[in-house]
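Next come two complexes, and both contain subunit A; in the first it sits with subunit B, in the second with subunit C.
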Partner chain A sequence: MIFRPSREDMKLIGWGIGRVILGIGIIMTVPLVVAVVSTEWNVVLDFLVGITACVTFWLVAENTCHVKKDLTWFHGLIVASAGWLFAMGFGAIPHFLSGHFKSYLDACFDLMSGYTTTGLYLLQDLDHVAYGTNMWRHLLSYAGGQGIIVIALTFLFAGTAGAFKIYASEGKEEKLLPNVIRTARAIWMISLTYLVVGSFFLWLGLMWGGMAPGRGFLHSVWLFMGAWSTGGFAPQSLNLLYYHSFIIEMITLGIFVIGSFNFALHYSVWTGRRTEVFKNIEVRSFAITSLIATFMLSIGFGKMGLYTSLTEFFRKGFYNLVSGHTTTGNSTVFSTSFFGEFGFIAMCAITIAMAIGASACSTGGGLKGLRMGIFTKSLWGDIRRLVSPESSVIMEKVHHVHDIWLDDALVKGTMLIIISYVVIYSVGGLLGTIYGYSPSVAFFDATSAGSNTGLSAGLTTPLMPALLKVYYIFEMWAGRLEFMSVFALFGMGIALVKGRRTGTR
Partner chain B sequence: MEEGISRGNEQSRWRRWGGYALGILIESATVIAISLAALLLMFLIKAIMT
Partner chain C sequence: MKKRATLPAFFLLALLAVSHVTNLFAAPAAFANETVTIEELVSDMKKYDGKEVTIEGEAIGDVMVRGEYAWITVNDDAYSKRSLEEGGDFAGYSNIGIGVWVPKQYAESINLAGGYKVAGDHVRVTGIFNRACHEHGGDTDIHADSLEVTRSGHEIPHGFQYGKLLAVIILACAIAFLWNLRRSKIKRGKHEV
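Take a look at the complex of A and B:
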């Protein structure tokens, strides 16, 4: 039996979404200021329209949906999942008005790609985009990396006892500090510190390469935001290839690998538990899977006779592999090179690395290192059980900030999420194949969308079928929220139609 | 006494930010170590295959 949500439940959800949309409106003031300073008056108008729409929605939600009740898990899940969809719709307004998109659907695609730190884009003529619009692209990726719910929690949900429920519903279950609002602020403190440090080094690197200080400053901030959030956006259509700079590639590589680490890990290492980085299951898992994928990539390149010098091998091979593994999507080759030059084995290596993805509670996506660790350890536990005497009790544990003992519920939950990822990757790949794309290209781009990576083998363009665009938006959204909130939203849809009327939750 | 408290706060702020800087260095060293291991692996495979 399933219960239909009451009117009060719907009001509470509407109120929460209103707060999230207000957060989006507040973030839009940054590109607005950049547009004013750059005297891009058309862009100023685009953002004024966007901000007005967000504030109007918030005012309506605040005045019509406010109820004296706290959020439950159900409300938190729905606010997170539906909040991202509403945020996509409102955030796409300035994008669509910029004139760089074929349709509103394309603008929504780029918005979801930015929020979920994917990095795929359908924007046209990227090399001539206004500073304000470019700032918006990178900022929403940076903000989405921390989680748009985290932003709302930091500023707009203070004093709400149900705050943890919406925080956890966004795919982040870890509390760095006992209080969830302070956890959200700690996440921001880490990200902002790295923003200053990372952008500074990038700025030096760009000026060393001959870029003017003013333009170099903007590029350094945008490159940092794209890399740290593991979004992979860059201000030029050639992505990292535009800079032809070994220094910039190495700095961005460092930024996106560190950005793909768990925020709980950052906090532990920063606050005195220095050895955590060596013991943590996610770092170990990342190191091992990176080396296995590097092995595959090297064999693939060797067979194809690609990149004869070791430096090129590293810059074109390892860089793109790790960019895929951390679900970033920054690239030092043309997108067509993955299919046209890399060959099947190297492409498989990158696809597998993308599917595995980064750390839990980080800016990255994919199955996550923690789940790979739990899966591997539980498999090892089963093997040990098979070869041990029947009376022996065998328990496995993983180390992530503290020791976690593996029980059936944890393994079952982990497997459910892993299967969900595999299903969305596979359906996307099959859909692309049905539309006539090469299977390796279709599965590469579908895995890239579902794992929130952003590397493309050439399928993702404004000319791709509309149904594939919608499916990729779904993949990006479901993959970023790690399914539970999405399942809850579908469940609510069914409950609204078929549910039994009852009191409030 | 107020001066003492203020100096204590100042010291603890420096210690905290020193800890953050050390954290950044450790994380960067981890990335360099993984990259060097991958580079070595690439070199070995390249040497074997040619």
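Take a look at the complex of A and C:
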């Protein structure tokens, strides 16, 4: 039997979403300051409209939805999933007002792509975009990488006992510290420290490469944000190819690999447990899948015979492969090159790497290394059970910060998520094929959207069909939240229509 | 006499055969006189690989000097003619550009590179197109032999948008009203306690 959510439940959800939107309004002050300093007055107005709209929504929610109750798991799931959709709608205001989007749907697409650290974009004429707008693109990707809910928890949910429920609902389960709000702040501390260090090295690299210090500084911050968040945004339309710099490619490669690791792993290393890097199942899984994909890539490149030296293999092949594997999407080639110059085998290698993705509780997307590890270990356990005497008890474990023994519930949950990812990739690919795109291009872009990678083989443009845009938004959102919150939102929709009236949860 | 005539004819034939295989006479300047669009170049890289081509478009972003050479980016899309900031129409894509490796003295002739506040100089570049440049780690680029500024760039005027200001004022009024409402609710709540 399904129970219909009560009015109090709805109010509580509305109150939570209001706080999330206030968080969006607060982070809009950063691009606002950049626009003021750059004397881009129309862009200043774009962000003032955005901020005031967010604050108005928050105050409406505070006045109409405030109830003296704490959040339950159900509320947490709905606040997380619906909060992202509302955040997309409000965050798109400055984007749309910038005049670089043909429709509000296109602006929403870029917002969801940014928040989910995907990196696909429908913005037009990027090379004439204002500094303020560019800062917003990269900042929302950086903030989205930590998780919008993490932002809200950091500043706006202090003292709420139900905070962990919305934190976990955003696809993050690790508690680095006993208190979830301190955990959220620890995530920010890690990210901000890397921001300062990473941007500094990028800045030096850009100035060495002939860029003026002022623009170099902005580009370094944006490149860091794009790489660390595994979003893959860059301030120029040629992405990383714009810089023609081996140094910049090396630094960004390092940043997105580190950014794709689990925050719990970062915290372990920070607190002195350095051996965790070698023992962790996600690091091992990433290393193995990278090796296999690199092997495939080298076969593909060998067959095509275009990139012949080791440097070319590294800069054009390995870089884009790891960018795909970490679900970043920074690219050193034209999007048409994936289809035209890489060949089928190399393109398959990148598509598989994208589908597997990065680490759980990181800025990355995809199936995640932890799930691949659990899946492989449980498969190995089954094989061992088959060849062992019936009386023997065989248990498998994975090491992720601490040892985790695999039981049926864990394996079942993991399989559900893996299947969900495969389904959204496949449906996206089929949809693209039905619209007349080449299957390899359609599946490449659909996998890229669902795994929050952002590489494109040329399908994702403002001219793509509106239904595909909506589906890709769904893919990015569901993939980032790892489905559970999304299932809960759909469940609530059904309960509102078909559920029986009852008291509050 | 007959022998003397056949020898040059044989050499001529051999030369023609070799040239057919090695593309000896496939003049690098085959595409140099006519301007090729960058979209044509990147969508059919094999055709233009190693050939001399001429492109024309807006210098965009930065001029990055590296020793005796510099990297510039040239866009020849619809926005290079009239950007969205100047009131241009949506073309249905972002930008189409390519990196050009130019001798430093050519790069110095560029005064304005395009961005939000300026429309960049328009340049006409002739050079060798590389599908995967071995000198630059496999980059797809053009090595310029000549560069000519065909049209100077200019500042883009951005008129103040009063409609947006009005929206801010209306929303600010709504915030003031809602904030007072919230405060009075909190006060009322405290009194009730």
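Going forward, the second predicted complex is superposed on the first by the 505 of 505 C-alpha atoms of A that agree within 3 Å, B and C clash if a C-alpha of one lies under 4 Å from a C-alpha of the other, contacts with A are read in each partner's own complex, and residues count from 1 in each chain.
Please note the rule applied: contacts are C-beta pairs under 8 Å (C-beta built on N, C-alpha and C of every residue); 3 or more make two chains touch, one makes a residue touch a chain.
Worth saying up front: this structure is predicted, and the values here are computed from it rather than measured.
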{"item": "Which partner reaches more residues of subunit A (counting touched residues only), subunit B or subunit C", "value": "C"}
{"item": "Touched partner set for A:Val60, first subunit B, second subunit C, both or neither", "value": "second"}
{"item": "Partner chain(s) touched by A:Phe286 [first = subunit B, second = subunit C, both, neither]", "value": "first"}
{"item": "Subunit B versus subunit C as contact partner of A:Arg315, first or second or both or neither", "value": "second"}
{"item": "First (subunit B), second (subunit C), both or neither touched by A:Ala409", "value": "neither"}
{"item": "Subunit B versus subunit C as contact partner of A:Val196, first or second or both or neither", "value": "neither"}
{"item": "A:His266 touches, of subunit B and subunit C: first, second, both or neither?", "value": "first"}
{"item": "Which of subunit B and subunit C A:Val277 touches, first, second, both or neither", "value": "first"}
{"item": "First (subunit B), second (subunit C), both or neither touched by A:Val393", "value": "neither"}
{"item": "Contact residues of subunit A, present in both the subunit B and the subunit C interface", "value": "314"}
{"item": "Residues of subunit A defined as touching subunit C within the complex", "value": "40-42, 45-46, 48-49, 52-53, 55-56, 59-60, 62-63, 66, 97, 99-100, 102, 121, 123-131, 209-212, 215, 236-238, 241-244, 246, 306-309, 311-312, 314-316, 332-334, 336-337, 340-341, 461-463"}
{"item": "Touch list for subunit C against partner subunit A, complex", "value": "42-43, 45, 60-66, 70-71, 73, 75, 79, 83-85, 88, 90-99, 101, 114-117, 131-132, 134, 136-141, 158, 160-161, 164-165, 167-168, 171-172, 174-175, 178-179, 181-182, 185"}
{"item": "Interface residues, subunit B side, partner subunit A - complex", "value": "19-20, 22-24, 26-28, 30-32, 34-35, 37-39, 41-43, 45-46, 49-50"}
{"item": "Complex interface listing, subunit A residues touching subunit B", "value": "193-194, 197, 253-254, 257-258, 261, 266, 269-272, 274, 277-278, 283, 286-287, 290-291, 294-295, 298-299, 302, 310, 313-314, 317-318, 322"}
